[in-house]
Each structure stands twice: as C-alpha cells, then as structure tokens.
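Look for chain A in each of the two complexes below; its partner is chain B in the first and chain C in the second.
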Partner chain A sequence: MIRIAVRSALGSLLAAIVGVLAVAVVSIRWVFPQVVPDEFSLDLAARTLRSPSTHDALVSGTVLSIAVTLIALTLAWPAARALARSSGGGQGLVVAIMFLPSIVPSVGLAMGISVGLLNLGVDGSMGAVILAHLVPAVPYAVAILTATLMRYDHRLDLQAATLGATPLQVLRHVTLPQIRAGLVAAAALTFVVSWSQYLLTLLAGSGRVITPTMLLFNATAGGNPVVIATLALLVTVPVIVLVSFASGSPENGSDDGRVST
Partner chain B sequence: MSNVSVEGLTHRYHPRGEAMLEDVSFNVPDGSITCLLGPSGSGKSTILGCIAGLHKPSAGTVLVDGVDLAPIPTHRRPVTLLMQNAQLFAHMTVAQNVEFGLKVRRVSPRTRRHRSVELLDMVGLGGFAGRDPGQLSGGEQQRVALARALATEPAVLLADEPLGNLDPPVRRDLQRQLVEINRSTGTTVLFVTHDVTEALAISDQLVVIDGGRVQSSGIPGELLRRPGTRSVADLLGVGNVLTGRIEGDFLDAAAGRFRVDPAHALPTQASTTDGDRHWVIHPDHVHVVDACDADASTPTTNAVSGIAVASRLIGTRVELCVAVGSYQLTAVVASELCPPLGATVTVRLPTAQLYEVRP
Partner chain C sequence: MTGLLTIRRRSLGQLARSPMATTAPVAAVVGLGAGYALVEGVGASFGFGAPVAGVPIGLDAYRRVLASPTFWESACFSLWIAVASTVLGVGGGTMISWWWVSRPGRIRRIDLWLVNLTVSIPHVAWAVALLALLTQSGFVARMAAAAGVLDRPDQFPVFFADSAGLGIIAHLATKELAFVTLVTLPLATLRARHAVTTAETLGATRSQRFRLVFLPTIAPALLPATAVVFAFALGSYEAPALLGGQRPRTLSVVALEYFRDSDLTRRADAFAVSTILGVVVLAVVGALWLVGRSSVRPTRRADR
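Now for the complex of A and B:
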C-alpha cells in the first residue's frame, strides 16, 4: 500500500515536471506573471532537435552509455556472483566500499579521475570517458546484480550442468533468463548513471566528447528557454522511461516464484 | 545398464577441515536400485555430489563402467541428478524442461519432442507438455524432474532425497513408479534417503552411511537381520538390542537367558571392555506367543514373560512394547491379535533370528 502511494506520488511529480517542460518547449514569450504563453510553436524545438550538434551529442551519448552499461555489467557479473555465493556475510559492506568514490564530492572525483587519465595520456577520448563513467556505474551494477543473485537459487545451475549443459549453456539457457528482471534493472540504472554524467564527461573528455547532458548544461548558461526545455526533455525522458521500466520489472530477480516444491 | 564403483572416497571442504566423507567404498550393481541410507548430515548427498562432479573429492575414485570420472567435467559425466526440490526451470514449459538435456546436446527438435512425449506418458503426465511448472503440484513437478533426468538416458540416475517433500500417498506412488522405470529401462539408480521404510521399499541394495563412513551394506532383508553394528541396528529400527555375557551357547541379558547360534556371532571379538556382547533381533521376528503363535501352549527355548506396556499402530499391524523386568522388548503383531495393555504376555526370540552386532 505504502509502495503504491510512494510510486503514485513520484509518478505525479515526474508527470508535473515533464508537463511543465513540454509546455515550455512549445511556448513563445512566456514571461511572469502570464499564466499561459503568448503563442505556441514547435519551430525552435524542432530546429534544436534537428541541429547537427544535438544529433552528434545524442549519438555519442547513446554509444557512450551503452558501452558503459555493457562493460559495467561484464565487470560486475563475477564480483556479484562471488559476493552472492560467499557465505561469510558482509556483502553489504563490500558493496558500500565500492560506493565510496560516489560519496566524494563530484568535482573532487572528476578532477582526480581527469588527472589520472591525463597522466596516462588517454584523456579527451571516448575511451577515457567510458573509463571515467565506470567509476560511478560499476557499484550500481554490482549492488543490483548481487541482490538479484542472492535471491537466485544457484542449484538450478548445478541441475542444468548435471543434465549436460556446459557453463556457457547454463548461463544462456538458465541463469540469464531466470535473473532477467534484475539484469534489466541493473542495465537501466547503469545506463542512467552514465547518461546523466556532466562533470566526469567534461573533464575526462576534455570537452571533446559531447553528450546531451553537456549540451543542456551549456544551454543553461544564457540559452533560450525553449532550447533548454527541449534539451532537458531529451535528457530526462530516457531516464524516466528506463527507471520506470527497471522499477516496473518483477521484484524477484530469479523470476522463479511460480515454482513451488 | 551400468555399474558404479566408489573406492576410498574422502572429501573435505577445506584441506585441514573435518572430513565430510572418510574412505567411503561401495559398489552399485548394474541396473539395481541402491539406497544410501543415513541420518541428516551423514554425508549421503556429498557422495552424490562427488559422483555428479559437483564436489571434488580429496581422495578416492569414482568409476562408472570402469571409467574414472575424475577428469570428466560435470556436464560430460554419464549421470544425472534428481534433487530434493524438483528444480524445474520456471521460464520453460514442462516439455521444454524434459527436453533440456537433449537440447544442450543439440538433438534435433523432432527427436526431442518425440522423447518428451514418450517420457511424460511414462510418468503419467501425458497432457502436461505445454503447462508451466508453477501450475503443477509437488508430486507432478517431481515426475517432470524424473522424466527430465531420464531423457538423456543416463548410465546412472542419482536421486538425492527426491521424494522427501511429498505427501505419503504421492510418495508411495512415486516410489512404485521409480521401481517400475528401473525395471523397464534398466537404469542404474543410486537413491539417497534417510527414511528406512522408503529404502526398504525400493532398494535392491542398502548402503548405510553415518559420520561420513560406510557403516554397513547388503541386501535389505539380510541387513535387517544382520545389521553388523549397533548404530546400524538403531538406524534400521532393529530396536531389540540384548546386552550381556556369553556363556556357552547362551546370552545372559537383562531380559533373560537366550540360546544363540554361535554361527551368528561376529567373526572377530566384539565384546565391550567389560566383556558384554550385543545381540539384536528385529521386532518382526519376536513372536508374541500368547497372541499369535499356534504353539502358544508350549513356549520353550528363548521365551520370556512380560507386561504389554505400549502399542503403536503401523498400518494393519501393531508395534507392541513388552516390559521384561527392566528391559523393553519390541514385537510386531497383527492388530486383531494384539493383547490389551497391562496384560501378561510371553514373547519368544527365535535363536535363528538373533545376531551379534558390534557395540
């Protein structure tokens, strides 16, 4: 009941934000204290979306976040498996330690990573930004996958192996389908973490890797409100869609609630 | 048809830790059902894990048809494991579950389908192919798991207490079905259970495990008569252990003086430090003379009198406790012939059924 109430409240809040942004996108000359804008037009928003810089940022942002998601999940998988199967407890502590870099103020973290990449001579490239994004992204992937795998009955894997499945077949035919919900949640949130990074992208990419989030921050410094609203929608909508998708996935990571023995 | 030979199997989870299994050796004959019987934590499931390749033994070998399984990875071993919980894959239908082992071996879809239909018919689930596992009862799930385990025609079926979670009628039905399948397919079965009744109902051979060691093994009927050790006697429910000194052909025990057959004594000296020896007799073989024996009027050798102090109904028979002095003997008698509690009864312990056990 509480969960439904919280979800409803958050949903209403997000709907209000998106609603205001949507109105702002089509508003021409909307100044205080006018309740409604003088006129409505999609021209500027359309031009903003069609511009080469937006297109390039969208492509590079998407490629960047997908790459970060895939790498983060790949790195997180063995760690999560080890944590989930360890019998000594303390998994929460290990995950908390992994989150420590995220507690540091983002400027400090971004500067530190940037200096490190500079020393390695790899700053300013897409690879450098991917490396930088992995720092905040991997802990989320590990945390979600660990929680998912802790609920997963790994005897299913053993059962599949005794039926003749190779380790790869076990992963493909049994484990991954069974933990699909947790995997989707981990992927969605990892994507969102990468998608919404500004400082890390700016410093690690030395301003050469442009994402929609960076365009938005640049536009807020004296840009047109319609352009800002359009870019804000461009940044926000994927986040809302992915978070909704992830939180709407079945609760049980193993998806095997149907089996009663 | 395949045989399994386990030789000197020892397993420790940690190199310097306590041994879960210690020098375990036994044979599973071709096409038999062999039960590993023992209390919880005795190491039965660990033995299956070592055979299936889920545990790496610290020492010893497992041979199937003479082939050492040690270098063979789990998925290539000629065995399948039936677990206590059916462990069906919830994202697959019943038929897909049954076909799983064939699919990962890249058997053609047509052959797979044919085999799953055949196996589901065999376990009595002919119309269940398209259902989700979650729609099935516990017994039906275990039947599907059995069909799935047999689909690849394993040399040996390892069953780890697969009926442990089922209601008694379903359990009996599946026991019968398992024996039928074993007889019709010739699949060798190694079945783990802690339930003596179940082990006696289905097994051709019993291997009693306790404390990670083989305590005794043999044909069930023979093992019930001659359990070998006192702990095995207790485990098998051979509750009548008579302790005393041997004088000539007689055992002087608290319950009385009984003639014993020297041929039933253990070959090696099995007395305790105070010279006492232990002899057992199964409750089925203790005759309640007054109640059921045609020769009741002439109880002779090995007959003692006592008072019926407790009874427990087991199906159509009654387990009767008779207090003979400070000792309680247990006998099994037909319910209609059971004397009332408090009655004085004479029980006879046939010499032919008394066997010595180790302390």
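Now for the complex of A and C:
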C-alpha cells in the first residue's frame, strides 16, 4: 500500500513534470483558469528545434558528453578493477578523492576549475570543458564500475586464461559479456552527469561552449514559455531514454534491489 | 623507505598492475581538478595567485564580504535552505528505503526507474518544470481553480522568489530524497532486510526495528549521503538562481555574481564567500564523521 503511494507520488511528480512541459510546448494561448491551452500549435516548438543555435548546442552538447563518457570510462576501468578486487592499501585514499567533487561546494569547484583552466591558457575551448566535466563525471564511472565488478566472479577470467585465452580474448569473450549491463549503466549515467552540467560548462567554456542545458538556462531569463518548454524537453528526453537503458539492466532491477549508483 | 625498497624489488609489470598504478589516473584527474580548485580558491581569497593579481595579500576580502549589509541575510538564507532540504531529503529517502525493506516482496523495476530518473533529470530542467507546476498561474493552481478551491491566481501560495525559499527547498528536497533512497538501498536490501526480519522474529517492535536495527545498518551509506546532500544544497547554483528572487539570495548566487564582476577585487570576494561555504561544509562533514564513528562501529563488530 505504502509502496504504491511512494510509487504514485514520485510517478505523478515525474509525469506532471514531463506532461506540463509537453503541453506547454504546443500552447499558443493558455489563459489562467484553463487546465488545457485555448489554442494549440507546433509551429514555435518546431522553429525552436530547427534553429541554428539549437542545432549547434545539440551537436556540441552531444560531442562533449560522449567524449567525457569515453574518457571517464577508460580512466575508471583499471581503477574499478583494482578497487573491486583489493581491500585496504590506499583504497581509502582513492575513495576519499572520489568524494571530493561532491563535498566541495559546486560554485567554488566551478570557479576554481575555471581559474585553473585560465592559468593553463585553455579556457573557453571544448577540451577545457571536457577536462572540467571529468572531475564530477569520473567518480560516477568509478562507483558504478566498481559496484559491477565486485559482483563479477574473477575466477572466470583465470579459468579462461588457464585454457589459453589471451588477455584481449578474456576481456572480449568472458568479462565484457558478463558485465555489459553495468557498463551500459556506467556509460549512460556518466553521459547524464556531463549533459546536466550548467555552471561548470559556463565557467570552463567562458560562455563560448553552448550546450542544450545552457541554452535552456539562458532562455529562462524572459524567454517565451513555449521555447523554454521545448528546450526543457530537449534536455530531459535523452536523460529519460538513457536512464531507462541504465535501469533496464537485469543487475539493477534484480530481486535483491542492488543498484549501481 | 621500506616502500621504496619494495617498489625497487618489484618488476615493472607488477608495478603497472598494482592497485596504486591503476587507480593513479582517476585519482590524478579528480584529485588534481578538485584539489586544485580548492587550493586556488582558498589562496585567491587571501589575495594569492594569478586570478586576483594586484589584489593586496591579506584578509581584506573576508573583511569586505563580512561587512556587506546583505552577507548575513544571504548566509542565513543559504543555511536555512541547506538544512531544510537536507532534513526533508534525508528523512524522506530514509523512509522510502525503510518502507521498501519492511514490506515483503521484491523492489519493482519501475520503482528503481522512477528514483533513478528523479536523481538524473538535469537541475535546470527540474527547476523549469517546478516553475510550470507551482507558479501562481501554474498547472497546480489551475487544477485547484478547476476544483473550485480558488478563483484568482493570487490566492495560490507564492513558492518562487519568496523570502523563505520554498521553491528552492522543494527542488532540492525532491532531488535529494531520490538520491538518498538510491544510496541507502543496497545496504537496506542486502543487509537490513534480513536483520529487520530477524529482529521482528525475536519480538522487536516496529520502532525498535527502525531505530536499533535499520538505521545503524544503513548508517555507513546514510551518513556520507547526508554530507553530500548538505554540501550540494549549500553550494548549488542552478536552483537558487532560477527559483529565487533578488533578496534574499543564497551565498552561491552572490559568489558567482562577484566572480563574474570585471573588478578583480570582487573576484577575491567571490573566493572568500566560497571558502566560507567550504568551511561550513567541512564542519558538517566533521560532525557527521564523529556521529559515524560512534554509531557505525557496533554494527561492524556484530558483522564479524
């Protein structure tokens, strides 16, 4: 009973959030007491989506978040393997470092990182924003991959190696198929962390690297409600798709309720 | 010294596979990024470093910031928002975990999906959606009007740009509630469920099961989550910038305004404000660590 209440509370909040945005996207005239808009049209939403600024933001946001995801996963993989296998011996220090970006107030973190990039002379570039995003993104990748690898039976790797498989073959035919779900979850959620950043993108990119999330923030200052709702959906829909991928994996929805984040 | 000798004795291949070498890249990226931001920020607040070149070294920035007429107003507003949203988020998240543990049956995939989604939707989009729902002419007000509860928009409570920061608290609390649920769930379902059932069999009351079994079992996840959630609420920018008004403003909004000022002395002020925020977070993290030391130990001992 209570579980249904919790589910319906969160569910209706999310449904209301997506629903209101979806209705706002098509509303031309929506006078106060009306629950449904008086006039509908897709024109302005379509024009917003087709505009060069939206197109550019979508391209740079996607490229940025994919790059951050790939780099974060590559860096996180060996670390997660070590963390999942061993205990003690510097492990505490690494975990503490991974906590750092969550504990340092995000305004201070963004200001400090942007000054660092400025000192390196690379601020305002795509590379600078990628570097900046790695700071909050890598800990997510490490956490999810470590949780995944902790549940993986490493004796399978040894067995395959004993039977003559090369390290690459072990990885391709034994390890990866077993942990695919966790890997997908790590990739999806790391992408989402990067995709969601506003302040870090603004400061590290000196306002020159524009993502959909930044476009949305800028539009809220006096923008047209239809444009704002369209951009909000543009930012939210990929996240819904990716989270569905991530929580659709059997590991995450298994009986014991283990989650990877 | 002994460490050095050990390293020399090892072959290079072994060294490359050692836990230290494999975790070094992530530790470097995250540690250098966040650590540099921290050192640079604290230094700049005292007038050190290139970002505040020409600003005299000393406590001037702190004097200016603390003497500003709106500082204490902003500090109280920030603390109120951080404490209120942390209490609601941690309390709500703990209750959801408890409900899931104390009921029989598995956790549905849709529940996890909902919680995951609430955590993951970008803050800017979440704030925009809350505005669409909760402004005086928003969707909820229209539903209330349709139900005959109110006639005019101004009869609906003000949630945004208000002096209590209700909209900001609602934003942070909903996101944090889902985060705390997600972080405590593994311990809750893997360890607490079994322990709670055992306690029930042994005759523990519902409140005893919650206080003496459930809370200590999830404490190793709950306490760090509380620290993260508090730090996030205190330092977050998007929600207070989008949902707050001109006065009072949170310290995070004030810090960013100072930072983007063309006057470099203002930049030192920005870092002074963010250093003050950091000190508050440090105090809270320290307090939670002390709580953790006294509350977590008995469960660990019982584990062995």
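Please note the rule applied: the second predicted complex is superposed on the first by the 227 of 261 C-alpha atoms of A that agree within 3 Å, B and C clash if a C-alpha of one lies under 4 Å from a C-alpha of the other, contacts with A are read in each partner's own complex, and residues count from 1 in each chain.
Assume a residue touches a chain if its C-beta (ideal position, glycine included) is under 8 Å from a C-beta of that chain, and two chains touch if they have at least 3 such contacts.
All figures in this text were calculated on a predicted structure; none of them were measured in a lab.
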| item | value |
| --- | --- |
| Touched partner set for A:Q159, first chain B, second chain C, both or neither | first |
| Partner chain in contact with A:A246 - chain B first, chain C second, else both or neither | second |
| First, second, both or neither for A:V122, with chain B first and chain C second | neither |
| Which superposed partner A:P139 touches (first chain B, second chain C, both, neither) | second |
| Which partner, chain B or chain C, touches more chain A residues | C |
| Which of chain B and chain C A:I28 touches, first, second, both or neither | neither |
| Overlapping contact positions on chain A, where the chain C interface meets the chain B interface | 255-259, 261 |
| Contact footprint of chain C on chain A as seen in their complex | 2-3, 6-7, 10-11, 13-14, 16-18, 20-21, 24, 32-35, 75-76, 78-79, 81-83, 85-86, 89-91, 93-94, 97-113, 115-116, 118-119, 131-132, 134-135, 138-139, 142, 147, 189, 192, 195-196, 198-199, 203, 213, 216-217, 220, 228-229, 232, 235-236, 239-240, 242-244, 246-248, 252-253, 255-259, 261 |
| Residues of chain B touching chain A in the complex | 52-54, 74-77, 79-81, 83, 85-91, 100-101, 103-105, 132-135, 138, 141, 148-149, 152, 158, 165 |
| Sites on chain A touched by chain B in the complex | 153, 155-156, 158-167, 169, 173-174, 177-178, 180, 255-261 |
| Partner chain A, residues of chain C touching it in the complex | 18-20, 22-23, 25-27, 29-31, 33-41, 44, 49-51, 96, 99-100, 103, 106-133, 137-139, 141-143, 145-146, 153, 174, 178, 182-183, 185-186, 188-190, 224, 227-228, 231-232, 234-238, 242, 252, 255-256, 259, 270-271, 274-275, 277-278, 281, 285 |
